[in-house]
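Take a look at the structure below.
Letters A, B, C and D name the chains as they come in the text, with residue numbers starting at 1 for each one.
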Amino acid sequence: MIILGPNRYGKAETRVVRVTRHGDVHHIKDLNVSTSLSGEMADVHLTGDNSAVLTTDAQKNTVFAFARKHGVGAVEDFALLLARHFVDSRPTIHRARVAIEEYAWERNAGSGHSFVRSGREVRTCVAHYDGSAAWMVCGLRDLVVLNTTNSEFWGFVKDEYTTLPETRDRILATAVEASWRHSAVSSADPDEDGAKNWDKSYESVRQALLTAFAGTYSLSLQQTLYAMGARVLADCPEICEVRLALPNRHHFLVDLAPFGLDNPDEVYLAADRPYGLIEGTVLRDDAPAAGPAWE
Amino acid sequence: MIILGPNRYGKAETRVVRVTRHGDVHHIKDLNVSTSLSGEMADVHLTGDNSAVLTTDAQKNTVFAFARKHGVGAVEDFALLLARHFVDSRPTIHRARVAIEEYAWERNAGSGHSFVRSGREVRTCVAHYDGSAAWMVCGLRDLVVLNTTNSEFWGFVKDEYTTLPETRDRILATAVEASWRHSAVSSADPDEDGAKNWDKSYESVRQALLTAFAGTYSLSLQQTLYAMGARVLADCPEICEVRLALPNRHHFLVDLAPFGLDNPDEVYLAADRPYGLIEGTVLRDDAPAAGPAWE
Amino acid sequence: MIILGPNRYGKAETRVVRVTRHGDVHHIKDLNVSTSLSGEMADVHLTGDNSAVLTTDAQKNTVFAFARKHGVGAVEDFALLLARHFVDSRPTIHRARVAIEEYAWERNAGSGHSFVRSGREVRTCVAHYDGSAAWMVCGLRDLVVLNTTNSEFWGFVKDEYTTLPETRDRILATAVEASWRHSAVSSADPDEDGAKNWDKSYESVRQALLTAFAGTYSLSLQQTLYAMGARVLADCPEICEVRLALPNRHHFLVDLAPFGLDNPDEVYLAADRPYGLIEGTVLRDDAPAAGPAWE
Amino acid sequence: MIILGPNRYGKAETRVVRVTRHGDVHHIKDLNVSTSLSGEMADVHLTGDNSAVLTTDAQKNTVFAFARKHGVGAVEDFALLLARHFVDSRPTIHRARVAIEEYAWERNAGSGHSFVRSGREVRTCVAHYDGSAAWMVCGLRDLVVLNTTNSEFWGFVKDEYTTLPETRDRILATAVEASWRHSAVSSADPDEDGAKNWDKSYESVRQALLTAFAGTYSLSLQQTLYAMGARVLADCPEICEVRLALPNRHHFLVDLAPFGLDNPDEVYLAADRPYGLIEGTVLRDDAPAAGPAWE
């Protein structure tokens, strides 16, 4: 027999910009919000009966309306607020997932109203809520980092298809994609969550990632990955699990011998594809069960 | 205590083109191959000891060498061949994941050696192998379809943020991303798998998706999604589960009244963002356990 | 003294989909329209006086309204219609440029109302009109072609930085970007232009490009480029000039000798960057002056 | 008769990373270099005779070799060095165009060897050299700026397709793409050019663009464009011409009235397409002839 399995639906990539004006000094928050709901959705799939469906259009409207009513502070708070609203206000909706990307801006030349989009990484969060519990995974992507030294790679398996020479010094470069799970998110009281300092936590994690990348004398990108995750957990007690995906952006030392030149670790070709891809999880042994946090 | 969790590593996006020449009539296969391995990788993460690591460079070399030695038939066979090789030949590698994208080409003007890249969807597969069992998920992406009629949307929840009018006729458009799991993949005998007709299976699934999209009188995109998945299962006994992600590419009927014009379902604005996103699974109630198939 | 130089403004990338319904058999045109106007625009630049400015919003509205009023046949006709309208109806607008991209669709399974987006190349046109004369450049992009043989490359300059070996057989692959100028475009009478068979002309040019690519025994991509342009001019008397930009998508024969394997022109690495880029113009010696056609 | 028109060929997007090591303090330059040559190229087009062709592969090799031999200071100097080399060393090459993109990096946490890619705009330059004269156009792209106030738009033409309401306060946002031509580039003496402070000039132009964007009370984006160009010319005597392309990234104030909410310039939808596109040139009335500078 053919049956319906897991499903969800929502509005993806609602681009909302929220301006707050304090006299001549303005602030902006620039977000990309995606909401997904699930619940009593058998009928809509099987017969097209939409009576349990809160439209994706209404989800989008809610994002805009809440940005006006509640303002936008930390994206994590905004995500939880939306997730709770959808589940708590609609009996047919049993679970909500709200994912937000935030783009950073800096002030232009000290102006109160002029901004330049920062090239910093994109900050992300994914909140889940099921009517009783909430989960929060924060993250970032496109944090591109490079070490010009302190990276070796040797001692690996040599099978019949291995031609890579060992190296005692290479460039190590990657575009960090990281997600980290918070141990506990109060579901009862939004104000309590609001008391969490999400922004401070984000900056701590980001700093831990950067510091570990810079400070690790690396014998493999896996070792660096683990060091980065472990450093986050060591520095940030509120985090119980870190997941990292690190593309190894190969920088090949160019052979200049045909031109009568040496190349003492100076000139590199930055390659696109193929690339290594190192993925791993670092967590506390007593991390609470993840539930739907990573879905 | 901080511990290492699930991890894998490999070479992503090796772009291999394989030409087969039968006199003046040539054939090409154009692939993007990504391999990921996991196994006894604690040491490399914790101390940088690479003695269990088959380099991603060797993985890439293997892809090229196998393309020469074994040729490339159906991508599923090639993926299984690679996955089995990595696990069976290296004691420290316990599981392999091989993902392949294939780009289609057509003959240029009847020529034996000239080709035009087809704009058809991208065909995908993901094979897993753990030393005893194998799993296969096939799929496609970027199959963009549109119905100009036979789509309604009404009877949905009206909450305080709902402004969408009901409609009895709208454009329904989406870019199909589909993955489907095969019930059984022989792990003992590659030749037996070779006897599977992966290409024929792929064409059957593709046709089922297109036929169901065209033929379903739709009251919601969820209903269409379910119909597409169910049709695949009905037509293809070798498939036990289908997962679909259907972005609802909104086409808004333009209000031309300000210009003294009616718009009897003729002129639409094709919008980019936000978009609806409908995700769902359709499966057999007796589908075998998925194991790592979807990872 | 600081002065204002050439300038133009408009609405870019208006995505309009036009459906025509003949009973149960529907037709769609899927366009991306960009309009640019210029004229008496000194004041708006120097003082912000907008009295000569037809808003880009109105330009967009015009695109939609004209799609309703006039329908959309060949994109060239639609582009000329819009260009003429902007200039002829507004005394402050002296020149219009209308660029259109068209995306092709095919019928889904013989259905009257269900379509699949074709992966064919994107068809383009750029129309200019200045109140008395009109110009038309048609084109295409993303036409990806590949020859598995009949391509050599040797006899080139060997300077101190040349290491490339000569070859008597290589893969030749490119993504054709082509534009071609029509000799004459009637500006007086839209209906007369309508009598031009733009669609037929497009298919002739496309076929000439494909045929020349397939049929040219190539000693260099430049030779192929010239053959493609010359073939268009030979086959299509209405065209007076062809411009081509051909990225040389390198396919490197993989050295499999380290693995004890030969590679008799079978296994290639498809590289991304860097790539060769060959650009050239082929034209009739008596081609009329181009005027603003290429701007 | 069919003839060959303007043409050029070269190697596009050579990604070279140059590391300079002063003890433990390292410096990196991250470039994307594209070279194009033209000259006695009739034979290669007409007959495939490559005897005048310096291969694109050799061009790429030259980029790497020169990065080693000469180092990489300002990208403008590196571009001129390459352009002069190709023309002066090969009798069949009469003109060279070298375009470079530079990606900025910042130090990671004060480390001497660890870097984070900055999200700043991409810096660009295009050098031309014809054996006697040289030309230099510098530029930037992806400089995304936004003003939350001090932008009005009213007093424009109202034709039958105009529905846009006038506004006395709106968000003004754009992604600046700017190019500016230097008045004079010494062709005789590379060292003299080296004495130019390209880096300082770049920072001055960038600052002028940002300051003018922030400081202009705008009645139209055209006015802002002109102010930006004029400011560059006023602040930077070495520049004679500025070209700007400013997409108007519309931020629509969301109508929240259906939800019983006002929206006092707080919540906006950031739209993708269509977008306004304002293009213009600001120059000195005594700017020298541009020659091939903009090609």
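Rule of thumb we're sticking to: a residue touches a chain if its C-beta (ideal position, glycine included) is under 8 Å from a C-beta of that chain, and two chains touch if they have at least 3 such contacts.
Predicted, not measured: the structure shown is a model, and the values here were computed from it.
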item: Chain of greatest Cα-centre distance to chain A; value: C
item: Fraction-based call for chain D against chain A, same above half, different below; value: same
item: Intercentroid distance (Cα basis), chain D paired with chain B, Å; value: 39
item: Averaged-CA centre spacing for the pair chain C and chain B, given as whole angstrom; value: 31
item: Chain A-chain B separation of Cα centroids, rounded to whole Å; value: 24
item: Multi-chain contact residues (two or more partners), chain A; value: 14-15, 61, 65, 161, 163, 258-259, 272-273
item: Category of the chain touch graph - line, ring, star, complete, other; value: complete
item: Chain B partner contacts - residues on chain D that touch it in the complex; value: 160-161, 163, 258-259, 272-273
item: Chain B residues within the chain C interface of the complex; value: 14-21, 26, 28, 30, 61, 64-65, 67-69, 104-105, 108-109, 111, 113-121, 143-150, 171, 207, 210-211, 213-215, 251, 254, 256, 258-259, 261, 263, 265-272
item: Chain B - residues contacting chain A, complex; value: 1-15, 34, 36, 41, 44-62, 65, 89-90, 92, 153-157, 159, 161-164, 218-223, 225-226, 229-230, 233-234, 241, 247-248, 273-286
